[in-house]
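Some structures to go through are shown next.
Both complexes below contain chain A, partnered by chain B and then by chain C.
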Partner chain A sequence: MLQLEKQKKGTNDLLRLIGEVDASNSLILDQAIQELIQEGISTLLIDGSKLTYISSAGLGVFMSYLEEFKEKGISLVIFGLNDQVKEVFKILGLDKLIPLVIDQVAAEAHRHEV
Partner chain B sequence: MKYKLHLSCQTSALSELRTFLHGTLFEVQLNDIERHQVTLAVEEVCANLIIHSHSCNPKEKIELEILKNRKGVIIEITDQGEAFNLLDYDAPELKQVMEEKRKGGLGIILVKKIMDGIEFESKNGKNICRLIKNFPS
Partner chain C sequence: MNKFNPFSLGKITLLLAILVWLALVTVDLIRIFGMINNLESGISEEITWTLELLFFSMLYLLYRHIYRKTRELDFLTLIWRGASTGVFAAGAGFLTDVFFFSLGDSKISSDPFLKNIFYHLNFAFTSAFLISTALLWRHLILYQRSKQVVNQWQVFEVMMGIALFFVFFNQNNFDYSFFFGLILLLILSLLLSSNLKWIPYLNFKEKWKSLLFLFLIFLCTSFLFYRILSYGNEARLQINLTDNLFLMGLFAFVFLYALFSFLVTLFNLPTSSVFEQKLAEAINFQKLSQSIQPEENEEKVLDILLDSCVSASYSDGAWLELKATAGSSPLMSLRGLDPTTQSSLSKEISSMNQVASWEQDSGADQISPLPLRLSHDSFKTALLVPLLINRRMIGRIILVKEVKEGYNKEMLGIIGTFSRQACIAVENHQLLKQSLQNERYQEELKIAQRVQKALLPVRLDHSSAFTLCAYSHTADEVGGDYYDTYKENEHTYVLIIGDVSGKGTSAAFHMAQMKGVFQSLIQLEIQPAAFMAKANAALSKCLEKNHFITASIFRIDCEKKVFTHARAGHIPTLMYQAKEKKSALLEIDGLGLGILRNQTYQNHVYEKTYAFAPGDILVMLTDGILEGKNQYGEQFGYERIKNLVEVHHHKSLEEIQQLLILALHDFVGGEGMIDDDYSLLLVKFS
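Let's look at the complex of A and B:
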């Protein structure tokens, strides 16, 4: 089960992932990100504090947008991942491509750095 | 210890698979992070079979068997679809996955990095993929 919550805070767009992302529902995540891009975002903060599981289907969604984000100058920051989920990002080396920070405050601070 | 599960070939069955693995792997000497990773690797192989070898046909089934011995845990995944031998595929570089926007390669990287052993055999129309995780010594 995956539930998504969108929240706007200033120029930040926050997308909260609640539950598990796998091959059965990764399309929902893909569509949500697509919609946000169309709305014209400058920063996308992903709240992963309630994300309990993510498989390659979900990781692939993030990967597939990295180039486009770079071209459009959109900064992506993921925060709040639990240890198990963070470890999966690390196995793939995704922590080198996407900033993974501890909480929303750190995520917002990070946005100003880039 | 020996457990069995018959999984219907649809992606909605993946959460059932995780629940099953969570219960059975609970008994093995792995920590939470390792258990989470083994669950992920098994799911990656099953998702691959469900989507590519069985075209998400819920009438077709995949069989899972979990065996434990002194050295580690073995997850045996049996199906009768088109053979997909993980060992025939090189894990792509992450950069390659990103540039080509291919979404398929990530699962293979994960399985190869997480598991200590991968075996594959195909005979009499049956494919068996064996994933092995050794206990920390």
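Let's look at the complex of A and C:
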């Protein structure tokens, strides 16, 4: 089960993931991100504090936008991941490509740095 | 069961009947001789009657035996048998008369012995005819029997049985008791004669034939009866076999049933077409429900439906319209109309408001045929029949008639049923086709499974420096886990384990690509990190957008007792060190393959060289094992594997592998509970 919550603040978007991302619902996440891109955002903050599990299909969604974000200058920050989910990102090496920070404050701070 | 041979039973009764008849003739001739010569022959009348009774019984048994299989015969054949026996018996009687007439007044013509022999012959034929015909009637009466009819027939048979012995009681006289018995039998015959359920099943032609045959039976019976009566009146005969209640009762029964059948058949002639129509409808109905075989197409059923509708409604013309669906053009078949008439009729029908609203109702479950009044020159009525499949109107049948108000309620009913049945047949056909296709897909998947299995190495390259053991399980028919080995030279071996993101067929394809990449790049004898960089470049060209592959590669140098390892996003390998008696993860950074699809990838992959000692164990896994969850949602994790390897490190690799898999199954609560691919590759250095 995956629930998505969107929050908009100017050109900053916050997408809150609640539940699990797996092969059955990774498409929903993909669509949500695509919509956000079309709306013309400059920063995408992902709130992963309520994300309990992410499968390779879910990781694939983030991975597939890396290049597009880079081209369009959109900065992606994920914050609040629990240890288990964070470990999944780390094993794959995604932590080197996507900033994983502790909380929203840190995420916003990170965005300003970029 | 029955030890009697059925052939011999028939022959025995026939033989007995003839013997009894011969005895009867002999006895009677002796009696006549006695009477003529006023000698006491010492043979009483009762012996004649007893023999007569025996003769009737034998005939009854004989014909019961002959007709035991009448169920297989049609009515017409049965009646024809009766008629032919009758013609034979009557013919014999007639020839006897002609014979005696031709003798004129000569002495021989009045010879009582000759006359009696012929009398006995005629008696035998008449009896045979009556008994066989009565048994044929029995079959007709008991057609579609009810308990009541069976009871009536049994009463009749019992009565006839009593009538057989009646002669002993009334001494062959026409007294009141005789007439009383006869009237009783007449009443029963009348009752039985109302059972004529077989008649409607004859078609028009068969009815005419049966009328002829029944008339013949009727004539023969009358003729034979007349002859017997006239014999009875002849004073010269001292022996009378025929003033017998049994025989008279039979006459009455055969005569009455023939008469009733004749009349009822005659009056049924005009309505026989209705019955035939109903029968044809039933057959059409059956055809509709049976007609589609998997290799046949739906149009055939619709064709049968069209024909059935036309014949059920006596329509003068009809056509079938199928709406165009993807991949097929609109279908049209015509019956009894030329295309120009059809198009003008079609135009008129589609312009009607009723039709539009009727079509809109087609979303409803039940939509009945719609009768319409037409203003066309020759066709005055039309009937629209919907074809609904899966609640969608796929087309319609239009029936037209030259008369006004041509379609009555019954026709609407039967046509509605026809179309529903046909649609069910088409629906079933579609389902069948679908399931056949699914079966084909299953077959294809099995092939894929076989092909993929062949992608994993059967023989693992290894040397005396280490042993190897591998296991792989796929959640679906095919999966995305991969391991392989390569022998670079006598001392250098390469091992790889990989995991494609996702499951099933797409993962399997990517796994095959991975195998290709490994087997070609490894020929270059490159170092692990370089391998990953090249593999990433190659896979970036062929992986789907949001798919990636993780892999761990080990290049083992048996001479130097070291291995070089690179990890591309794959879950870390566990290494048990015999010296330390401890196991630890080989932590090294590295990005999964296909995540960064450009040159910068090489900045994200590293390699590291480790020394190994005898007894050291490498446990390479895919994440299916780590992520196996128990009923509380806990994951299997590294700790359990670590402990297991530390406890059982001295055992053989196969045993360790077995223990690991068992532990996993125990943890998740059964083998079927793991919904992911998982693989194991174990190495033990020696």
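By our rule, the second predicted complex is superposed on the first by the 113 of 114 C-alpha atoms of A that agree within 3 Å, B and C clash if a C-alpha of one lies under 4 Å from a C-alpha of the other, contacts with A are read in each partner's own complex, and residues count from 1 in each chain.
Operating definition for what follows: a residue touches a chain if its C-beta (ideal position, glycine included) is under 8 Å from a C-beta of that chain, and two chains touch if they have at least 3 such contacts.
Just so it is clear, the model here is predicted, and its values are computed rather than measured.
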Q: Classify the contacts of A:M1 with the two partner chains as first (chain B alone), second (chain C alone), both, or neither.
A: first
Q. Which holds for A:D83: it touches chain B only (first), chain C only (second), both, or neither?
A. first
Q: Counting touched residues of chain A, say whether chain B or chain C comes out ahead.
A: B
Q: Please indicate which partner A:L66 is in contact with in the superposed arrangement: first for chain B, second for chain C, both, or neither.
A: both
Q) Given the touch rule stated above, what does A:G93 touch, chain B (first), chain C (second), both, or neither? A) both
Q.
According to the stated criteria, A:S24 is in contact with first (chain B), second (chain C), both, or neither; which is it?
A. first
Q) Between chain B (first) and chain C (second), which, if any, makes contact with A:A57: first, second, both or neither? A) both
Q) Which parts of chain A are in contact with chain B and also with chain C? A) 23, 56-57, 59-61, 63-64, 66-67, 84, 91-94, 97
**Q.** Partner chain B, residues of chain A touching it in the complex
**A.** 1, 20, 22-24, 53, 55-57, 59-61, 63-64, 66-67, 83-85, 87-88, 91-94, 97
Q) In the complex formed with chain C, which residues of chain A make contact? A) 23, 26, 30, 56-57, 59-61, 63-64, 66-67, 84, 91-94, 96-97
Q.
Under the stated contact criterion, what part of chain C meets chain A in this complex?
A. 499, 501-503, 545-548, 550, 568-572, 589-592, 594-598, 604, 623, 635
Q: Could you pull out which chain B residues touch chain A in their complex?
A: 11-12, 14-15, 18, 32-33, 36-37, 40, 43-44, 47, 50-51, 94, 97-99, 101, 103-104, 106-107, 109-110, 113-114
